[in-house]
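Sharing a structure here in structure tokens format.
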Amino acid sequence: MAPANRGKSIAIIDEGVGPYKAPDPDAMRRFVRDHKDRRLRDKRMTERDAISRFVSDGAYVSYDTNVWRRGPSSLMREIIRQRKRDLWLAAKFSAHDATLLTAGGCVSKIDVGWMEVGRVITEAMQAGRLQMYEWTNGALAYRHLAGALGVPFLPLRYLGGTSVFRNSGAKLIEDPYTGQAVCLVPAVNPDVALIHVNQCDMHGNARIFGPGLAPVETAMASKRVIISTEEMISTDEIRKHPGATTLPYYLVDAVVHAPFGCYPGTVPGLYRADLQHLMEFGAAQLQGTMDGYLEKWVFSVASHTEMLERRVGLDKLNLLRAEETHTEGYYT
Amino acid sequence: MAPANRGKSIAIIDEGVGPYKAPDPDAMRRFVRDHKDRRLRDKRMTERDAISRFVSDGAYVSYDTNVWRRGPSSLMREIIRQRKRDLWLAAKFSAHDATLLTAGGCVSKIDVGWMEVGRVITEAMQAGRLQMYEWTNGALAYRHLAGALGVPFLPLRYLGGTSVFRNSGAKLIEDPYTGQAVCLVPAVNPDVALIHVNQCDMHGNARIFGPGLAPVETAMASKRVIISTEEMISTDEIRKHPGATTLPYYLVDAVVHAPFGCYPGTVPGLYRADLQHLMEFGAAQLQGTMDGYLEKWVFSVASHTEMLERRVGLDKLNLLRAEETHTEGYYT
Amino acid sequence: MSGALAFTSTEAAIVYASRMMEEDRLYFVAIGGPPLLAILLSKHLRTPNIAYVVEDGTIAPEMPIPTPPFMIGAGLASSRAVAWTDMNTVDFHAGLGHLDYGLLAAVQVDAYGNFNSSFLGDDYDRPERRFGGPGGATEIAALCWRTILMTRLERRKFVSQLDFMSSPGFLDGTPGARERAGMPAETGPYRVVTERAVFGFDDETRRMKLIAIAPWTSVAEVLGAMEFTPLVAADLARLDLPTEEELAMLRANIDPTGRTISGEWISLEETGGRLRRADAGRAAGVPDPHTARAARRRAT
Amino acid sequence: MSGALAFTSTEAAIVYASRMMEEDRLYFVAIGGPPLLAILLSKHLRTPNIAYVVEDGTIAPEMPIPTPPFMIGAGLASSRAVAWTDMNTVDFHAGLGHLDYGLLAAVQVDAYGNFNSSFLGDDYDRPERRFGGPGGATEIAALCWRTILMTRLERRKFVSQLDFMSSPGFLDGTPGARERAGMPAETGPYRVVTERAVFGFDDETRRMKLIAIAPWTSVAEVLGAMEFTPLVAADLARLDLPTEEELAMLRANIDPTGRTISGEWISLEETGGRLRRADAGRAAGVPDPHTARAARRRAT
């Protein structure tokens, strides 16, 4: 049967010229079919195993949220510890996590929405070691949504006319339904997502409490998903409250039990951020002593647990828990 | 600055030829700006006021879910009672609600995914009183998502090649990112959404427990949103558990307190469906006595409350509650 | 001769579909109907670790047995799921390739596994008979890796030309037809299951192929009950009769109300190891003189 | 002469922005920074019923005062919200037209209200100074009905040509420029607020227009602190000094750590009803002989 409208077309008004991770929904599907599991399997492992198995050099890495708040800080330190290289980060409302990974020599590209920027990032760019690609927080979250929907692109109503558009992979087209201009942005399917959660069972059924950036879209869009969790809970508990589940098991590849996994940031309702540590980091960046900072907090300790024991200490940990007095909406 | 790629275009491979409610994101925005409220306002009203104020003849009406499960049955009966006319329904996994509204003479068009179909629908079509437009459950839920995102269309990877596509407003285009064929479906912004929820405060902050079709997308996409709720709760309770909120107040126009609002269907965890009533409905349709059914259950009673009192009775209501023994995940 | 000698056409189809369920796989079904029953039957008899996702957003529930009456309107049907999401979310999971099999019912099916759930007649606006609509079948048939269809074997159901293509099979059967229509690669119909015959699809031509029949019927009878002529596998398999165990589980626990499993009764009689329909006269499709003889040949 | 005589440039900008907040409106802000403080100041002093949505998906929270230190990493900042959603969801709410005002900070702004939050320099890949990036400002500036920008009044900030356009104002100022770029109709920048001047935009030309100045400065001084020349309103308004009440609330409750409100100190002295900067020498922008006289004229 002949198409009713052969020959019609949609005008591309303008296109950005920036490099971007190209979408390939069928490749994502094949990966899911061949490398992910539909059966309930025990996915618990150490941060070392999770990072070495699922984060390879050159990988496109997305995380949620950031080192200041409910972010996978312990997994990021393990990436530095294992000296991963040439990573491409999705910094959708990132913090100084991108700075740490860059200082660790792990990063060569960053899709940026917003992130903490200081000497480390600026110097890496000026030295040509780091390439930034400008997006926005919303556009990056939205590109992850596109990846989560399994489609190659999504339309959106901003970016057009800006320098961000000009340097991006976005396109401005004439909408075939309204005749008005509308932007398209390409889907992104990260090679791996790092997501820190409040509770998770051994299979990867995970619960997140509180507002978030795009944990669901990020997990769905990513080929591999590494969960770090404050608390391990039973699958029976998961099944008793299915409405509380944020991510179902089949999206998840690894479950790392990591109490204080966001340290020095906060997991609201559990522990507050360690402002003293954040100042230590800030000073190290200003004074150009990031190597010393990394040696102390990453390389000189074998694991997250060892860092907590030998560098933070139980008294500090107890203090951070005790001073997070506001638990309403999270655990009460 | 001259576009880098003037003259490029995206091929439209094929287009459906069916009528559909055309998307107009800017019209939706203007409506929201001029007719919806950003302040916390007491929106409680009777079902009569809600329907007479916000459902006009010819309106495109969407609802979630359906008369069998957590649907806005009392609001639908009020639509029939007020003899609304020429409605266009979005039947994304509908039940016999579309049949009831058609039997009541309220409906002239249905976008169908799936719905209960019997004599009433078939005869209305054969008599030319009812026009159906074929979509699918997913495509209708997805068109609501497009409406909720504020964009004119979304791409999806099905419909192409089918008779559904041919008779729809979908388009098959060559994806400018992968070069592969991909479908586009137009957004829908219903004139009014009817959504039955478990709990709601006077401002419209609403909670839904259990799986759903697309309550969030439907509420966001619709110009007017009428909530019927099993239970009224305080805004303080809402603020104590922000993570439990399904819909924020500013999406909502009316809050109708309607215990047993889904009757004869179930609200899981609260009351089971009244199978006896469903058989009465089925028999009325088979025997062509829908007028009698509507007289008994709609026209002869002034309100939902009166129907519950005079047609159902407290004993039956208590029984339906008592026999819904499974509350796990909803209220426990 | 093992197996039951009396069951409904629906029971037989459910049993044959249930035997195809693969352990550890994830299935996508609509809310209620024979496909869901086939999954539940297999889950409780053979494959405890299969999981299913329901169109309403329920992920991997553990519905207790006996199942609740009016499943489609029972909260218990969603109980003990690992997650309660919504329709779009589970469709996205399918679109991402997480859903191995879609299990679906069809009103009409053609030689390429395209099917109709919308209406019968020549005029969409004036249907002779109108059905519920595509439901979620179109997305499930497009986005899951493989689709298993369930229907009755009747001439009016296995047609050369669908009255309406609600959902896609291999479309016109040409290579890449689904991809050209915008569907994901390497997907499509896998099996069509009926009460007395099971079909697959030819890897090249994408045409439906008869791969197994019940012991009480014949190839000729099966072909006689179809408007188009499918390919016939050289190594045609024999479908063992539904067992008493399967039927007992189905009737006592999977559909205790009997509402869904009702259908045409098939009563078989055995004489000297020969199996035939006691009610052959009421057999669906075109009367086929060879039936009894064919069945006898196959049974010996 | 009422009002305080010593405050920081940031405090002044926050106070002036806070006075623009309209009761019962819904605002969209990033997590932390002067815009959020302006909203909190107004909410606690003048407009208890304004609500705001934060980029992280927090809807209409009621943050207690004194506000927590390191707000961006404090759960308390999201407390008593009516809903906790996510970034995409609140962006969609803005896209649907529910968000009246976006309140944003800018590094560089041009005559049409386009602004830069990305970097300073000629080469994107080798920035002289790199900033955090557009954040959510691009979507907020595109999707909210009106945008209010906050920045310092300095020549290097009010530029003829942005080093990089992170977020849109009226683009090139031609009619329909935003719509042609794919943005929603009837949206755009509304005000640009600094420590000593407030700007609007001309309805026809879309060019920035000076509409109010502080009593201790002059039009000439303001224009001297800008690379481009804005229009000047005929009915130029006078910005009352920050009041002791506003500054007390700001310092004690809205930013008790003082981290965000720190900035250049502005100290004023009054002699015979005449108001001038005691530290005029340190005034930003080009030294302007007319300052004192102009201020005197205006103050009398």
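Order as written gives the chain letters A, B, C and D; numbering starts at 1 within each chain.
In this section, a contact is a pair of C-beta atoms (placed from the backbone, for glycine too) under 8 Å apart; a residue touches a chain by one contact, two chains touch by 3 or more.
Computed from a predicted model, the values in this text were never measured in an experiment.
Asker: Using the contact definition given at the top, which chains are in touch with both subunit B and subunit C?
Answerer: Looking at subunit C and subunit B together, the chains touching each of them are A.
Asker: Greatest Cα-centroid separation from subunit A: which chain?
Answerer: So the chain farthest away from subunit A turns out to be C.
Asker: Could you see whether A-D or A-C has the larger number of C-beta contact pairs?
Answerer: A-D
Asker: Calculate how many whole Å lie between the centre of subunit A and the centre of subunit D, each centre taken as the average of the chain's C-alpha atoms.
Answerer: Each chain's C-alpha centroid was found; their separation is 31 Å.
Asker: Would you kindly tell me how far, in whole Å, the mean C-alpha position of subunit D lies from that of subunit C?
Answerer: Centres of subunit C and subunit D (C-alpha means) sit 64 Å apart.
Asker: How many angstrom between the C-alpha centroids of subunit C and subunit A?
Answerer: 42
Asker: Roughly how many whole angstrom separate the Cα centroids of subunit A and subunit B?
Answerer: Measuring from centre to centre gives 35 Å for this pair.
Asker: By residue number and range, which residues of subunit B touch two or more other chains?
Answerer: 25-26, 149-151, 156-157, 172, 180, 182, 210-211, 240, 242-243, 328-330
Asker: Please output the residue numbers of subunit C that touch at least 2 other chains, ranges allowed.
Answerer: Residues 58, 78, 80-81, 84-85, 95, 143, 184 of subunit C touch two or more partner chains.
Asker: Does the chain-touch network form a line, ring, star, complete graph or other?
Answerer: The chain contacts form none of line, ring, star or complete graph.
Asker: Spell out all pairs of chains that touch, sorted by label.
Answerer: Those chain pairs satisfying the definition are A-B, A-C, A-D, B-C, B-D.
Asker: Provide the residue numbers of subunit D that touch subunit A in the complex, in ascending order.
Answerer: 30-31, 54-58, 69-70, 72-76, 78-81, 84-88, 91, 95, 114, 118, 124-127, 129-139, 141-143, 162, 164-168, 171, 177-184
Asker: In their complex, what parts of subunit B are in touch with subunit D?
Answerer: Residues in contact with subunit D: 25-26, 28-33, 36, 38-40, 148-151, 203, 205, 220, 235, 238-240, 242-243, 245, 247-251.
Asker: Spell out the part of subunit A that touches subunit D in their complex, as residue ranges.
Answerer: Within the complex, subunit A touches subunit D at residues 65, 68-69, 91-93, 95, 112-117, 121-122, 125-126, 128, 131-132, 134-139, 141-142, 145, 156-165, 167, 172, 180-183, 210-217, 265-266, 268-269, 272-273, 275, 278, 324, 326, 328-330.
Asker: So in the complex, which bits of subunit D are touching subunit B?
Answerer: Residue positions touching the partner: 24-26, 49, 51, 58-62, 78, 80-85, 92-93, 95-98, 100, 143, 145, 184-186.
Asker: Going by the contact rule set out above, which residues of subunit A touch subunit B in the complex?
Answerer: Those in contact with subunit B are residues 1, 3-6, 8-15, 17, 22-26, 149-157, 166, 171-173, 175-178, 180, 182, 184, 186-187, 209-211, 240-243, 328-330.
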